[in-house]
Each structure stands twice: as C-alpha cells, then as structure tokens.
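Below are the structure tokens for one structure; questions will follow.
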Amino acid sequence: MVGGGPDSGIGETHRIAMRIDNKCELIAGAFSRSREKSLVVAKELRIAGERIYDNYRSMAAAESKREDKIDAVCVVTPTDHHYEVAKTFLEAGIHVICDKPLCVSLSEAKELLSLADKSGLIVCLTHNYTGYAMVRQAAKMVRNGDLGEIKAVHVEHASGWASKLQEDEKKNEPSWRMNPTRLGDASLLLDLGTHAHHLARFVTGLDVTQVVGELSTIVPGRAIKDNGHGLLRFENEARGTMWISMAAAGNEQGIRIRVYGDRGSLEWFHEDPFHLRFCSVNGPAQIFAQGTDCVSDEARRWTRGGLGHPEGYFEAFANLYSELADVIGAKGTGRDALGFPVALDGAKGLAFVEAFLRSYRSGGTWTNVEAIQ
Amino acid sequence: MVGGGPDSGIGETHRIAMRIDNKCELIAGAFSRSREKSLVVAKELRIAGERIYDNYRSMAAAESKREDKIDAVCVVTPTDHHYEVAKTFLEAGIHVICDKPLCVSLSEAKELLSLADKSGLIVCLTHNYTGYAMVRQAAKMVRNGDLGEIKAVHVEHASGWASKLQEDEKKNEPSWRMNPTRLGDASLLLDLGTHAHHLARFVTGLDVTQVVGELSTIVPGRAIKDNGHGLLRFENEARGTMWISMAAAGNEQGIRIRVYGDRGSLEWFHEDPFHLRFCSVNGPAQIFAQGTDCVSDEARRWTRGGLGHPEGYFEAFANLYSELADVIGAKGTGRDALGFPVALDGAKGLAFVEAFLRSYRSGGTWTNVEAIQ
Amino acid sequence: MVGGGPDSGIGETHRIAMRIDNKCELIAGAFSRSREKSLVVAKELRIAGERIYDNYRSMAAAESKREDKIDAVCVVTPTDHHYEVAKTFLEAGIHVICDKPLCVSLSEAKELLSLADKSGLIVCLTHNYTGYAMVRQAAKMVRNGDLGEIKAVHVEHASGWASKLQEDEKKNEPSWRMNPTRLGDASLLLDLGTHAHHLARFVTGLDVTQVVGELSTIVPGRAIKDNGHGLLRFENEARGTMWISMAAAGNEQGIRIRVYGDRGSLEWFHEDPFHLRFCSVNGPAQIFAQGTDCVSDEARRWTRGGLGHPEGYFEAFANLYSELADVIGAKGTGRDALGFPVALDGAKGLAFVEAFLRSYRSGGTWTNVEAIQ
Amino acid sequence: MVGGGPDSGIGETHRIAMRIDNKCELIAGAFSRSREKSLVVAKELRIAGERIYDNYRSMAAAESKREDKIDAVCVVTPTDHHYEVAKTFLEAGIHVICDKPLCVSLSEAKELLSLADKSGLIVCLTHNYTGYAMVRQAAKMVRNGDLGEIKAVHVEHASGWASKLQEDEKKNEPSWRMNPTRLGDASLLLDLGTHAHHLARFVTGLDVTQVVGELSTIVPGRAIKDNGHGLLRFENEARGTMWISMAAAGNEQGIRIRVYGDRGSLEWFHEDPFHLRFCSVNGPAQIFAQGTDCVSDEARRWTRGGLGHPEGYFEAFANLYSELADVIGAKGTGRDALGFPVALDGAKGLAFVEAFLRSYRSGGTWTNVEAIQ
C-alpha cells in the first residue's frame, strides 16, 4: 500500500475491505513520507519492518526484485499523485489497485491505460459504489431488457460532507481537495463526478457521448467550485442529467441513480443500498432486497449474509477486492473483467471530466466526450 | 364554467374543488359544444336550464347583463382555447379562473395580463400543486431564511401517465395533447413544464432567468416530444435542473422539488404530499407533517382535518378556490394575491416555455427567459 | 344532521364528505342545543330556517311528517348520545348515518341492530378509514387468496393527538372524551379501539373471537386510560395484536394494519394511504398505488383522480357517503351492503370493547368476544 | 473457535467480524467433529494444524496449558451445545464469546453466570443487533431523558427466513432449529425471542417483569411453533408487545423497536439500520443518521466510515468484537461492561423464555419473569 498513513480514512477503508473476505494480505507499505508514521501503521497491522519503505519508488524497486513480492499495490495517496505511483508500479511489473479517480488528466490516463494494455497488468479502480450487490442487480436487469430501451438517466453524487466551510479553508490552508492551485475547479469532477459517471455507465452499459456542464460554489468563502449540474447524451440517444456536489446541505452521500426505459424504470439510492426499486410500465412497483431468492445470481454472489442482513460500504468495497483476488489468483487480466472497474473506465472518466470542463468554460454548450477504446 | 363536459376529468376536479369548502356555487355553464351534453352535466349539478349556454360567447354576453351574474368563470377547455375564452370574459367584466397553462404563447399571455391589469379583474390560474399546505410550508421556510441563500433547485414533473402509446395515438387520431399539429413539441412544456416552473418559483420566490433546454421522445411511435430536461439559472445566481416527462415508466405524477441553500435544504414529493423534509447543515433531518403544531400558520390555514388526516389533490385544488372566493368576496384583486397564481405567473410560465424551446431549437445553449413585470 | 355545531370538527368533516360527490344535500339540522348556534351553521350552509330544529326529537317528529322529508339523518353528537338519537330517527322511519362508535354499550347496540333489522332501515356507521381505496384493495387481495390462509394480524390505531395534557384536563373540566365519569376507561376503546377492530375485520373478513386486554395511562395527570394493548384470536385460529393509543408521542393518526398469511403479507399505513405493500413468499415486495391499472376494479371505483393524484381523509369519508347515496337511491337496505359499515358492524365493535374491558378487569386472561349475528 | 465448519454461516460471520477491526486473531479451532472438515477451514484461515483440535474438550485442555494460549474461545455450535462448551472453557480459565442464546435453560444459564462471576472471566454474548451504532444512539437518547418516562415498547423480530417449508422439513429430517425433539416449542423463543428481549432491555434500560405468551404455527406441515406474540410489563410499569416469527412471509429480518415515553418516541428498523427516527411531543420528527455530527459520541465511536457510508450487519457484529478486544486487552472483566452483552443478559433472556412458555402453556395469563441478579 502506498499512502494510508495514520490519519488516512481511505487507507483504513481499503484495509478493512481487504480483510473482510480474507483473500488479500497486506504485507508491505509506504504509508507515509514519514518513516515513523509508516511504522505506526505497520505495527498495528503486524507488518514486518523490512517491508516498510520510505517512498513508493524504493518500494517498487525493492518489491519487484523479491521472490515473495507483492502481487499488487494499493494506491491511496492524494489524487494528484496517483499517476506517478501507478506508473512506477506498472513499470515494475506489479498489478495496481488505485483509488479513484485514476489520475488528474486524460493524457495521464491514456498513458496508464496503454501501460496496462501493453504489460497485461491489472489496474483495478475502486469505484466502490458499483460494488454494491443491488447495483449489480440493477445492471443485470438493464441487460436483461427488463427496462426496454434506455431513454433517460438521472445520476447524482450530491454529498453534504463539505456543506460547511472546513477548518483548513478557514485558515487559508485548504487541503488538496479544496486547494484552488492543486486540482482547482476540476476537484469536484475528479472526486465525485467520476463516481457518478461510472455509476451511470455501469448500470446502463452505455457511454456518455456529449455533455453540457455547469459549475457553481455554494459555500461562501470557498475557493473552488463545490457544485455542478450537467445534461448528458448517451451513445444510444438516451438523455440524462447529472448532479454532483460536496455541499448539498443535509445530504448524506447523496448517490442516486434512476434509469428509465420504454418498458420500465429502476431507482437505487445509497442511503438504502440493499434495496432496488423497479417498476414496469404495467406496475406495480417492485422492491428487490439483497439476499432474497428473487435477485440475480450475480447479486447473490456479492452477498455474504442471508436474507435481510444489510451489507454496507465496506462490503461493497470488499466485493471489488474479492473479485480482484480471484482474477489475480487465476492469472487473469483486468482488461475484460466484469467484476471491477479498470484503467479503461478510469480513462473514460477523465475524458468525461475534461469534456464537462470544456463545456462549462465555453459558456455551456453541448461538448463531445472523447471516445476511449 | 366553460368546458367540463361529461367526459372531462379536469372539469369534475374543479367542481369538486369548488364544493369542498362550500364558498363557491356553480350556477351557469357552457360545458360542451353539444347542448345535449351540457344539459346532462347541468342536470347532475342541479343548474337551471336558462343558465346553460351554447358557447362561451353567448354565455359571456348574457351573464354580463344579468343582475345575478356569475362572479367568475372557470375555463377548463383544451389549452389552445384558453386565450379566447379568458379574453372574452375579461372583456365582459367577469373574473376568470383558468386551468393551466394560461394560454399557448407569450404574446397571448401578455395580452391577457394587460387586460387583467387594466380591468382590475382577477385571473386565477390553477397551478394546483402549489395549493398543498406543505408546499406553502416550504415556501414559508425559504422566506424565513431557514435554508439561507438558495443555491440549487431541482424540480421535476415526470409523470408516467403516458408511458404507453395511448389508444388515440395508435389510431392515428391523437388527442389535442398528443397532436403534432396542435400544440406540437410545446405540448409537454405547456402541460407539465409550466407546473414545474411555477412550483420552483413559488417555493423559492426566485425567477428563472436562463435555461438550456433538451427534448426527446421516449415512447416509440409517438409524434411529439414526451420528455425534457433543462438546466436553470435563477435571478440570484442559484443553479438548477428540471425534468419533465409524460412517459416516465412506473412513475405516478412524479412531482418533486428539492431546494438547497447554504444553511439547509428541503424536499417535497407529491407521492407523500402531507410531509416536508427539511435538513439544516447541522442536522438532523426533520419531517414536518401537515396539521401538526410545528408548521407555519399559513400551512395550518390550508388544512381542514386535524393531526394526521391526509389531505390530497382535491383539497389542494380547493385551497385555491377558497382563497379566490375570499378575495372576490372582499372585493380585492388578484394582482398581488399571495394565495393563488395569477396572470403574471401565467405569463412568466409562457416566457419560460418559449425560452426553453428556443434553447432546444438552437442546439442547446443558455437562453434568456424574457422578464415579465 | 344532529350535532355538528360551529365548533364541531367532525360535523364539518361529514359535510365536506357529502359535498365532494354531490350525491347528498344537507337540508335540515339540529346542529346545536342553542338555536342561535344552529342558525349560524344553517346560514353558512344556505339551509332554510324552517328546517332548523331545537333538538333531535322535534326534528325527527317534524321531518317524518313532511312530504319532502330527509332521506337520512347524520348523527355527529358526542358518542354517549348516539343511541338515543339513532333510536329516535329509526323509530321515525328515517335512515341513520352515525359517526362511530354506534353507541356506548352492547345492549344499546343490540337494540339499534334489532330496530334496523325490523324496519329495514339503514344504519351506516362511518368507520371512515375503511373508506380508503387501498384498504378496499387490501380486502380484495385477501379475499382473492393472494395471502393464502390468514395467520397473523397486527392492527394499530395509535394516535398522538392527546400526547400532551389537554387544556380542559388541566382545568379539571375534561371534555367528554377525557371525562372519567362519562365514558371512563372505555373511552379509548370506543373511540379508537372500534376503528382498529373494524379495520382488522374489514381487511381480513374474519371476526375476533378472543382477546387479552391491557390498559394504561401514558400522560401524567390524565384521569382515564389513554393507551391499550391486546392479544387477539380470530375465528380461523389466526393470531394477532392490537395497539390503541391517544397519547403515542410523535405519531400522527398511527393507523396501520399488517396481515400475514401462509402465502404472503400486506401492509397499509395511514400516513401513506394511497399505497399498499404486498409481498408473496416468493417476493419481491410490490407497492400498489391508488389509481393505477394494477389495482382491483373496486379500488378503482373508489378513486376520483387519475394516476398519482393522492386522495385523502375526506375522499375516504366521501366514499362511504357515495355508496350510501347509491343504496338509498336504489331503495336498497344496509344490512348486506358491502360498501359501508352497518349496525351489525357496530354491534360487533361493542362486543369487542366489552370483552376487552372484561379481560383487563379480570387481570388479563383470554376472554370470549360475544358473537353477534 | 468451536463450531464454524465449512457449512456454517454463523461461523464465517464471526470470523468476518473479528477481521474487520483487526483486533482479534483466530489461531486455534475445533471447527467440526470431522478433522478433515476442520482442516479445510484451517487452511483457508492460514491456521497451523497443531492448533486444530478434534473436539472442544481436547481444545480446552490443550490450549489452557499453552503459554501462547488463546485469550478467548468463540462458541458457534448449535444452541443446545453452548452450555457444555462454554462451561468447559470457563473451567479451563478461558474467556468465552458465545453466539446467542447463552444456552437452552435457565438452570444452565445460572450455572454459567455463576462460573463467570466466580472466575472473573468474560462471557460475551453476541446479540449482534445491539451492536448497531444507531441502536446505541437510541439507548443513549432514552438515558438522556429525551423520551421522558418510558411508557410503551413494541419490539419485533419477525423474520421471513422460514416462511416456506424448508427442504429438511419436507424430508422429515428437520435440522436442529426445526426439530420438535431438540429445542421443541422453545426454538423460536431461544433463537429470535432472546434477540427481541435483549433489544428491548438494551434500548430502554428496563427489565421485563411479566409476560403473556402466545405461540402458533404459520407454515402448514411444520412440527414446531414458528410464530409468537406477547404482552409485556416492564419494571417501571411500562407496557409493551412482542412479535417474533420465523415465518412472516415477505419480511426480511423484521427487527424493529418502537419506544414511547411521555415526552417523545423513537423507532429503529433493521431494514434501514443506520437511521433512527425520534419525535418529541412537540415535533417535528427527526431522522438521525449514522456518522453525522448530531449523534452521540458513543454512536460515533461505533462508526468507521464518515457521513453517509452505511455500515451493516458485519460491522455491528464487529463492534462487539472490538469492545471485547479492548476489555480483554485492558484486563477488564465483562460483568459490568456496557459495550457488549454478558452472561447476566443471557440468563435474563432464559428467564424470559421460560416465563413466556409457562404463560403460554397455562392458557395465557400474566406470568412473572424470574429476576436475575
């Protein structure tokens, strides 16, 4: 693991996800630039000191030479370091698990995609919300044709986590997410926009081809854009909207997707992640529950407990790790894996982010999203 | 009443709304072009035959001369006849209650607005969804400042009523709503878009100043647009989205508004119209219920039953009639009435419809909504 | 109408219910013991002074002699006067609409039942909650066998309306509902217990045969029991529970019924009265919405608006009046009417109330409910 | 771990719970009576073969002599073996984590309680549903006095897991839960009744002192009781009801608790476990969400993710293990631990089960629950 030091929330999330199904073991790390901090984490995790590295470069170099080397590295640094870390490990012949987004520009993303393709190495991108069993059920029902032809898609990742000015913003020392000179106006799109974009693609199986983008700032005193709306066009002519926000007062994570076809519709909402609402044109509405007999085999495979035992955020995350471990164990590659997002998805995400920004900056016109293959 | 013959749903709706609070009496009508059909309705309603007219012109002419003339006429004809009927009665010195939308073009709307202003007569426009007590509560909370400055607005009227091809469409004899040569692509905007636009304005107290419009057709074989998405900008720089549809499979009426400010947010959903969700940035979420002690005086005034006795569609409609009767009884005018939408609201609605269409037809660019005063 | 003076909520509720469908006209009344107050109501309702009576006796006497006499009287006095008023009008040959409960003792109820049977007159008892379309849908699904054999029933009428000490209680002048010397400990059972009992019988089609009753007082300082729990046995060996309360803090009306069979279950909750949840053993859960194509003909018949237009408390009440008007218009009798509760239902309710009280007073043992035929 | 072989669901659940927070390591086991099966599990878990035992007796004997002995044993056998296994390990000086219920009779329970008290060893009983953060929040709010004096409690564990005849029942080879000669009519009470009883005690802080019990069978052909209803009296004179079922068609786990005091009420429902509804007599209702600023410190301490990241069944289970590890690490004892249920809670559960059965068998009368100290 690179990143994930003592104060990192996302590092611990990845570690919990690894442990849940016991298919992955964390055996080496460069958790922090401070060796001292790294060792604090190592001790907690019972990792031998010799596998703790001062930085990702020495880790890649050393691990790639060991006989008992790591199968994959987990990258949980701030977003703007993903590219260099991922690239270094891919070049060292090590699979990469990368927290989303893949990187901060489409050109970086294309390079990583190309490296992954050439090397046959896996880049697993943890768009964890598509790890929920009922999101799998949704994707399955769309592919089954239960909704008919998809016509309208509404996707939201409108979180309330930053609906008040953060402590670091008040002190004029904004953290990387809020810093206008680090990710700038792209921050929201990189952080939440790529989640929303991936969720829409994953459930519908359709790429977004055009976008009108709009950004604004909700919280007074904030230096970056914390709110965005988009109009979407999909490859099959379906239309849609996107709402992303970090400042939606009173929201929890606010991830919601609603898909309407000419035969039916479905809705999944992250505040109730183990149910899925489906309604055909003929009604009545149906509520599918995780773990019941009426969900698809795939959704059942991603469920540990039986009927009515809710699984949450960590299990959704663990589902990605579980799939990844199976693929690596079977010596497969990630290019065509259905089970988890890969570099291709990451590159499509960056193409979307850049198109959205271009549209916004050009005054809000329909803008093409670059096709990635 | 003009229109509202034996097969009219909306006519009976208005009549129920009149009766609920017993402040209005229906005493004259031109319910149908067929006198026979008109008399069927008259008999049911115990209206004297001498007050049944062959058409709206004769009705306006005759009634305006009677000493016991009607106070107001209720116009429930197809939308494209509203203008001529409303104009005729205004010119005859009679108040007008008009089902929405006011008419089919902004120029017609301006003319009616001008007539109303000059004459001092009331034009009450029955945007009935703003008649719900909890929509009043929402509007009150926004004005109280409970949400802080309004920053994002999401409004939807995405109904499933026409998510299958209608009988008349199959026969190539589409009714006026579905007929490409009557209202055409504006039909959806006139029918549902004006509702959504009014709801957003009513709750936030803000006018929409710019729009990006997008239209599409969900149901195969349909000759008109049955689905639309918009991006909105409001006068105070708030942003928003609109979704309107008559073909959202599995939806009921699908009217929902969510308003986010920098201090809190609220959500009202027509499938549960007697509750309102509010959440401040400090939480927890609060659910206000119609008829409880914690709602505003205004919301309580629009409630007949006590705690926990749900009121619905007809009571919301009746609230508008009740307000109107009070205003007419008090010899007030409708221009400044807070209690019900008036010609000014109708004209603003038409300005929005035309801007949305212009935006769509010009390829989806930000388009100014004409300001109406 | 007898009762329903200027301060009466329930009187106005009945009057709204009459007006909604325009099948009933209110033409005479003894609204109050004070003629002055009666005339206030009469004026509002445009009722001729000659049809306003000083008391129910003179009204029954005078009306029964008129050629244009009332078809039916509506009794909305305090509960402990229902018996004498209903009896008087039945003896005068006039149909009776009686607010629930029918009366305050089983012996009174039997007498009224006997009078109704002998005379062929209708006693329509306004257990209004069974007037909701989706309660009709529930009853229909049970009778269709969608739930299999009924095995468990949970019914609640746990309102929060009196969860604080009322003004009159504080002054030691409790109103009739709270007065220990008027209805006493039976008050809650008469007021809300009969509603819950009727709802359970109506939906399941099963009589309650045995009960264990328990009563308590929630609000400090209250002189009567304001809370009750019961265990139920039904005629087919199904089991169940009942919760009734006037002091369930934070509840609205709190009317809920859940029925479980060996093939499926359903739930209806009065805070969302136009939806019904059904789930078969094979799932998924289904949500039936009022006004959609998938509800039964009977539920559709009790619906005025189209898809997604919520109807509420007043429409449910109006449904009973509408049925009654049809029956009277067709010169039918109320004994076998399916459309509204009758004297037989009232008598069964009183038998239940008395069994519940006997069980409670005897220390909480299984107690037989007298069978009424 | 004793039990938890290859087919055991509950064994894997405990193991996931141990891993999530990484405070416990599973290092020895007697997973099955078949050594072969035990070794299958051991291999998956990377446990050395020397720590795999043929049965719990040899495990207790061997482990108690090792210097690196286990701190605690986890007992996940069928319920009727809990007593002998727990007793053996307590006598060997090893802490016990026991899946619920503690054992199958009050006399066994008292013996284990006495052993625990004398030895100072911990018996942690995994009533996992009280491990949810929002159940902690509920308990905290009750103790804060937010509800005033508790007056009515409704608790349910009405699962649908066995709403169809199970495969083994059809073959006349019922598993231990369904076997009339193993746990018999007590099975449902032991399995789900103890959960409901503990949840009610945990949230309210009140013991149940009297019960009326009723049992029945929903699924045709089943040899045991699969459904039960109870009336409850609590030590402070609060009243309540209990519903337990394994055959509630269409339910998920069906765990719900509603508590009403004279100042407010709360509701927690396991199908939405990271929200808690609270309503004071003054309203409006409030929805507390896990991970927000407005929940108590204790509820926050039991939450891993931030705002709006749902935690579920496994995290609730893990919370108990986390607390236990802290107590054992700190050399505390379990007698007074607030963080997890202990032998005393288990004994109170058995006292309740036996009282419920006595009440049912004596025809349904109020029956005292033996007080345990």
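Labels for the chains are A, B, C and D, by order of writing; each one numbers its residues from 1.
The rule we apply is simple: a residue touches a chain if its C-beta (ideal position, glycine included) is under 8 Å from a C-beta of that chain, and two chains touch if they have at least 3 such contacts.
Predicted model, so just to flag it, every value in this text is computed and none were measured.
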Those chains which touch subunit C and also touch subunit B: A, D
Farthest chain (mean CA position) relative to subunit A: C
Mean-CA-position distance for subunit D and subunit B (Å): 55
Centre-of-Cα separation between subunit D and subunit C, whole angstrom: 42
Cα-centroid distance, subunit A relative to subunit D, in whole angstrom: 35
Touching two or more other chains - residues of subunit A: 160, 251, 278, 283, 285, 289, 292
Interfacial residue positions of subunit C with respect to subunit B in the complex: 9, 12-13, 15-16, 19-22, 44-45, 159-161, 251-254, 270-275, 289, 291-292, 304-315
Contacting residues of subunit D [partner subunit C, same complex]: 147-149, 151-152, 154, 160, 163-164, 212, 214, 216, 218-220, 227, 229-231, 237, 239-241, 243, 245, 247-251, 260-265, 278-281, 283, 285, 363-366
Complex contacts: residues of subunit B adjacent to subunit D: 278, 282-289, 292-294
